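Note that subunit A is present in both complexes that follow, paired respectively with subunit B and with subunit C.
What follows is the complex of A and B.
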C-alpha cells in the first residue's frame, strides 16, 4: 500500500512537471524542445545526485545538513590537487573526491552511530566545521579556471551517446541507487530502519550501522558532486554551494520523501529535483525576476509537505484489528 | 553487541527514578550549567591572557553585541525545542521583518511605528509557522525549512539587489544606544528578557506544560494540557523575539539587505543545544541558554581580537557544539564501563 501511494505520488509529480512545461510552452514553444529539456536535466544533474544521497539518510530517520559544506571542502581539495599535480588522471581524482566525501560522511555517521547524538545536531556542527576547513586548506583563496587542467574542466562537458557526460553521471547515480534500494538487502534495511527501528533490530538489522552507512553514502555522493560542481562552474571557493543543503532537502521533500523516515523512492527524489529545475529554468523564460525563485521553492516545499501529510496518514496498526475481526 | 543490547538501544530509555534525590548542593555542582560556567570562565581567562585589549570595559561592552540578538531568539527557541518542535525560519523572519520596516520607512512611518511593524511581522510569521504545524499536523523541521525560503524569498522579491537605508536618528538608539556608561540598551533588554523567560519557564504553570509536552505529548493531552495551543503560542513567541532581534539588528546596522542575518538560525540552535536543552525536547533551562550565549560571544569576540577570520571561528563553534554534547556521553560510557 505504501508503495502504491508512492507511485501515485510520482505520477502526480510527473504530471505537475509536464503541466508546468506545457504552461510555459504555450507562450514559449522553444521551452518544451527536447534540447532545452535535456539542458535543464543537465543543469540539475548535481542536485539529482545530491538528493539521492540525502534520501538514503532521511529514510533512516536522520538528516544530513552538511552535504553542501562537504561538497565545498571536497571540491576545493580536488581542485587544489589538480592545480598542484595536473598530471594525475581525472578518474583517479574522482575516486579521491568520493573517498574524501565518504570519510567526512563517516565522521557524521560514527557520531550518530556510536555516541547516539541526534543527526541534526551532528550535521549542524559539521556543516560549519567542513566549511571552515575549506577556508583553512585554501587560505581563503580561490582556485579558478587558469589553475585547473584542461582535462579537469572538459571531462564532464564531453558528449557521449547524445548526452553530456554530466547527465550520464546523474543517470548512472539514478540506476545505482535504484538497484541498491530495490534489489539489495541493504536497501530493505534502510526502509526497515526508518519504518520501525525496534522491529528492525528483532529482524536482525543493525540499525546504528545502517545509519552509519547511509551517512557514508551521502558523504560519498557529496564528494562526487564536489568535483562535478567545481569543474562545471570552474571555480572552487569557500562560498561554493553556500546554503545549498536546503535545496537538497527541498528536492527530497517535494519528491515525497517523508522526513519521519521510511517513505521515499528514487523516482520521487529525482522528480523532486527536476521540479525545482523546471521552475528555475522557466522563471527567466517567462520574464520573472530570478529573485522570485527562493519564495517559489519555499511555497513548493510547504505545499509538498501538506500533500505528503495527507498521503502518510496510514494506520500502521490497523492490520491487527482487521485480523481480530475476521 | 547482542540483539538484546541493540533493542535496548533502539527503545526509548525508561526514565530512571532514584530512591533519594541528590542534595541541591551536589546537584548544582555537577549540573550542566556548572560545566558551562567553568567553560565560560576558562575562555574568559584564556582571552584575557591571549590579548591585552580584552580586559577593558568598552571591549567587554562590544562583546555583548556579538550574542544579544541571537541570544534573544535563543530564549524563545529554547522553549520551542523543549516542547519538541523547532523553528529554522528565525533568520528569515529577521530578514522579512527588516524588509517590512524598510518599506514602512519609505512611506514615512516614524520610529514607534517601525518597531511595531517589526514586532508584528515577527508575530505573523510565527503564527503562520504555528498554524501549519499545529492545525495541519506537519513536522516543524520541514515546515520551517519551507517558510525559511518563503520569508527570505519575499524579502528578495521586495528588495532584489537593493537596500533600504536612512533610518531615523531616534531609531538608531535600539541597536547603538547606551543606557548608562558602557551598558548598552541591547544588553539591558537581554537581561530583562532572560529574567522574564526564566520566570515563564521555571516558575509558571505554562512553563511546566512546556516540559510535559516535550516529554510526552500524548500523556499531556490526556492530562488536560492543550498541546496544540501551547505549541502555537510558542511559535508566535519565537516569531516575536525574531521580530525584536530584527529591530535591534536593523537599528545597529542602519540598513536592510535581503541577505541580512544569513545563517543566524544555525547559531541560535547551537546556543540552545549548547545550553543543555535536549534537541528531542523535554529538558533544558534558561540559565544554560544564557550561559551558552555568553560562551559563544566570548569565543567569537576573543578569536576576533586575535585576528582569526569569522569562517575559522565557525570551526570552533561547530566543534564546541559536538564536543560539549559528546563529552558527557563518552564520560558516562567510561563510568558505566568501570562500574561493571
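What follows is the complex of A and C.
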C-alpha cells in the first residue's frame, strides 16, 4: 500500500514537472526543446547523484549533513593532486575521489554505529570538520583552470552517444542505485532497517552495519561529485558547494523519501532533483528573480512534507503505529 | 490541603460491619477486535482498605486499570464514586475524581525537580498568575514530611532519585491532588527487599489517611502482607472476592486457574528422539543465572513463569540476540556460541518474538519480502537476489500456513492480526530451522487463530522440528507441552514431565509458594 502510494507520488511529481515545462513553453517554446531539457538534466546531474546517496542514508532513519563538505574536501584534494601530478590518469583520480569520499563517510558511519551518536549530530560536526580540513590542505588558496590539466577539465564535458559524459555519470549512478535497491540483500536491509529496526535485528540483519554502509555510500558519491564539481566549474576552493547539503535533502524530500526512514525510491529521488532543476532553469527564463527561486523550492519542500505525512498516515494502521511508539 | 482530605473521607476502619465502597465498578465489559478483555466484572474499593487484584497474565487487570483511569471507555457498566455514578471520558476526568495510578515504571518527569513533579498541572499561583515557587517548595516539603519521606529534598531532580524514592514522589503527587483512590500496578516489580518495606510503610500511611488502595501484584507474600480484601479475575471475568484473612492461598490459586474447558488442543502422539539442544549453566549479568535445560528432537518444551521471570531473556540469549556472561550451548552435539541473530539462524535456531507489531512484521514491505527477510543470503547468488526464487519461497510457506491474502505483493500491514502472525511464522519456517522458539505465540489473537497456531505447532513437531514455547497461559502450556520448565526470578525452578501435572503445581512453583 505504502509502495503503491509512493509510485503514485512519482507519477504526480512527473506530471508536475511536465506541467511546469508546458507552462513555461507557452511563452518560451524553446524551453521545452529536447536540447534544452537535456541541458537541464546535465546541469543537475551532480544533484541527482548526491540525492541518491542521501536517500540511502535517510532510508535507515539517518541523515548526512556532511555531503557538501565532503564534496568540497575531496574536490580540493583531487584538484591539488592533478595540479601537482598532471600525468596521473583521470579514471584513477576518479577512483581516488570515491575512495577518499567513502573514507570520510565511513568516519561518520563508525561514529553512528559504534558510539551510537545521533546522525544529525555526527554529520553536523563533520560538516565543519571537513570544511576545516579543506582549508588546512589548501591553505585557503584556490585551484583554478590554469593549474588543472586539460584532460581533468574536458573529460566530463565530452560527448558520448549523443549525451554529455556528465549526464552519463548520472545515468550510471541511477542504474547502479536501482539495482542495489531492488536486487541485493543490502537494498532490502536498508528498507527493513528503516521501517522496523527491531524486527530487522530479529531477522538477522545487522542494523548498525547497514547504517555504516549507507554512510560509506553517501560518502563515496560525495567524493565522485567532488571531482565532477571542481572539473565542471573549474575551480576548487574552500567555499565550493557551501550550503548545498540542503538542496540534496530537499531533492529527497520532494521526491517522497520519508525523513522517518524506510520509504523512498530511486525514481522519487531523481524526480525530486529534476523538479528543483526545472524550477531553477525556468525562473530566469520567465524573468523571476533568483531570490524567488529559493522561496519556491522552500514551498515545494513544505508541500512535499505535508503530502508525505498524509500519505504515510493513510498507509499504516493506527494500532500498529501506537505499538511502535511505546 | 491534605488534611482536609483526612477529615472528609476517613471513616472508622472498624466497627461498621458494612462500609460503603468509595469506588465501585459494576457490570464493566470491554472488547477489542477479536478479544473480549472484560466481561461484566465488578470491583469495590473501600476507604482505608487495600484491595488486591489477582489474576494470571491476560486476565484483564491492566484493561480495568485503564478504564479506572479514564484511558479506555467501557463498552458497558457503571463506575460509582461515593455512590454517585460518574463518567471518566479521559485521564483528566479521572484525575479530577481523585483517582490516580502509580505504575511499575513511574510516569514522572526525570528532568524536573521533585516539587515540580508533585505540583505539575496544579502549581500554586501567586502574583499575576505566576508560579509561587516558595509556596510550592514549602507545600511539597509538607506533603513529603507527612508521609515520612522528609529525607527527599523538593529541589532534587527526579533523575537523581532511586525507583523507591520516585514511588514516594508519585504518592506525594497523589496526596497533593487530594487523590482518594490510589492504584498501584505491580509497584514492587523493580524494588529491592528494603525498598519494598518502605513502600509498605507508605501504603500503611495511605490507609491511615483513609485512601482506598488497589494493589496489583503477582506475589502472594506481598498480597497477604499488605492487603485486606482480594478480587480475583480470570479470562476477563470476576471469579471471586472477599476478605483475605478468611481465605487460604490454595483457595485463591484455585480461583485463578480453575476454568471451564473451552479450548481444545490438537491430539498428537509425540515421537521424541535424543537430545538436540543442550544449554548448560547459561548466565547473564542481570537477567538470569545458571539456566540449564535440554531440548529433545520432536519435542515441545513449554516455559512457564510470571512476567519478568527471565524466560524471554534466556531465549533471546539462545537465539544470539543478547550476550551471556557464562555457560555453554550445543546443538546436536556441536558447541555453538551465536554472536548475532544471523549466527543462530544459520545454525538452525530461530526466535519468534512476542510483540508482533514491533518485533515481527516489517509493515510497509510486501508479504513476500517479509517472508524472505531472514533468508536473503540463501536466495541470492554472488550478492544478487534471485527474485523468482524469493517469490517461490514465499509462496511455498504462505500456502503451507493457509495464508489468506489477495496477493503476496500486498503490504503486510493490510492483513489481520492472525494473518500477520502467519506471515511471521512463515518467515521463520522459510529459514529451515531445527529449533523454533515461540515466545507467547497466541498472545492477543482470537480463539480461532489460536487453534490454528496450536494445530500448526503439532504439525511442526510431527515433521521432526523441536519447539520451545514460552507462554504465560496455563491451558496452552498444559495442553501443548511434552515437558514444562518453570522459571522464577531468573532461575530455573523445575522441569516436569507433563503427565498428570496440574495448573496449581505450576502456579505455586512460579510464584514461589511453599507447599
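Rule of thumb we're sticking to: the second predicted complex is superposed on the first by the 313 of 326 C-alpha atoms of A that agree within 3 Å, B and C clash if a C-alpha of one lies under 4 Å from a C-alpha of the other, contacts with A are read in each partner's own complex, and residues count from 1 in each chain.
We adopt the following convention: a contact is a pair of C-beta atoms (placed from the backbone, for glycine too) under 8 Å apart; a residue touches a chain by one contact, two chains touch by 3 or more.
Because the structure is a prediction, the values reported are computed rather than measured.
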Which partner chains sit in contact with A:185 here, subunit B, subunit C, both or neither? Use first/second/both/neither. second
Contacts for A:263 in the overlay, against subunit B (first) and subunit C (second): which applies, first, second, both or neither? second
With both structures placed on chain A, which of the two partners, subunit B or subunit C, ends up touching more residues of subunit A? B
Once chain A of both complexes is superposed, is A:296 in touch with subunit B (first), subunit C (second), both, or neither? first
Once chain A of both complexes is superposed, is A:138 in touch with subunit B (first), subunit C (second), both, or neither? neither
Which partner chains sit in contact with A:201 here, subunit B, subunit C, both or neither? Use first/second/both/neither. both
Could you tell me if A:210 is touching subunit B, subunit C, both of them or neither one (first, second, both, neither)? neither
First (subunit B), second (subunit C), both or neither touched by A:54: neither
Overlap the subunit B and subunit C contact sets on subunit A and report the shared residues. 198, 200-202, 204, 206
Residue ranges of subunit C touching subunit A (in the complex, touch as defined): 321, 340-342, 344-345, 351, 353, 355, 357-366, 369, 372-374, 376-377, 380, 383-385, 387, 410-411, 413-414, 427
Of all residues in subunit A, which touch subunit B in the complex? 63, 111, 115-118, 120-122, 124-129, 131-133, 135-136, 140, 197-198, 200-202, 204, 206-208, 238, 243, 246, 249-250, 253, 259-260, 289, 291-299, 301-302, 305-306, 309
Inside the complex, what are the residues of subunit B that reach subunit A? 1, 3, 6-7, 9-11, 132, 136-139, 141-143, 145-154, 156-157, 160, 258, 262-263, 266, 269-270, 273, 279-280, 309, 311-315, 317-319, 321-322, 325-326, 329-330
In the complex, the residues of subunit A that touch subunit C are 1-3, 183-186, 188-189, 191-192, 195-196, 198-206, 262-263, 315-317, 319-320, 323-324
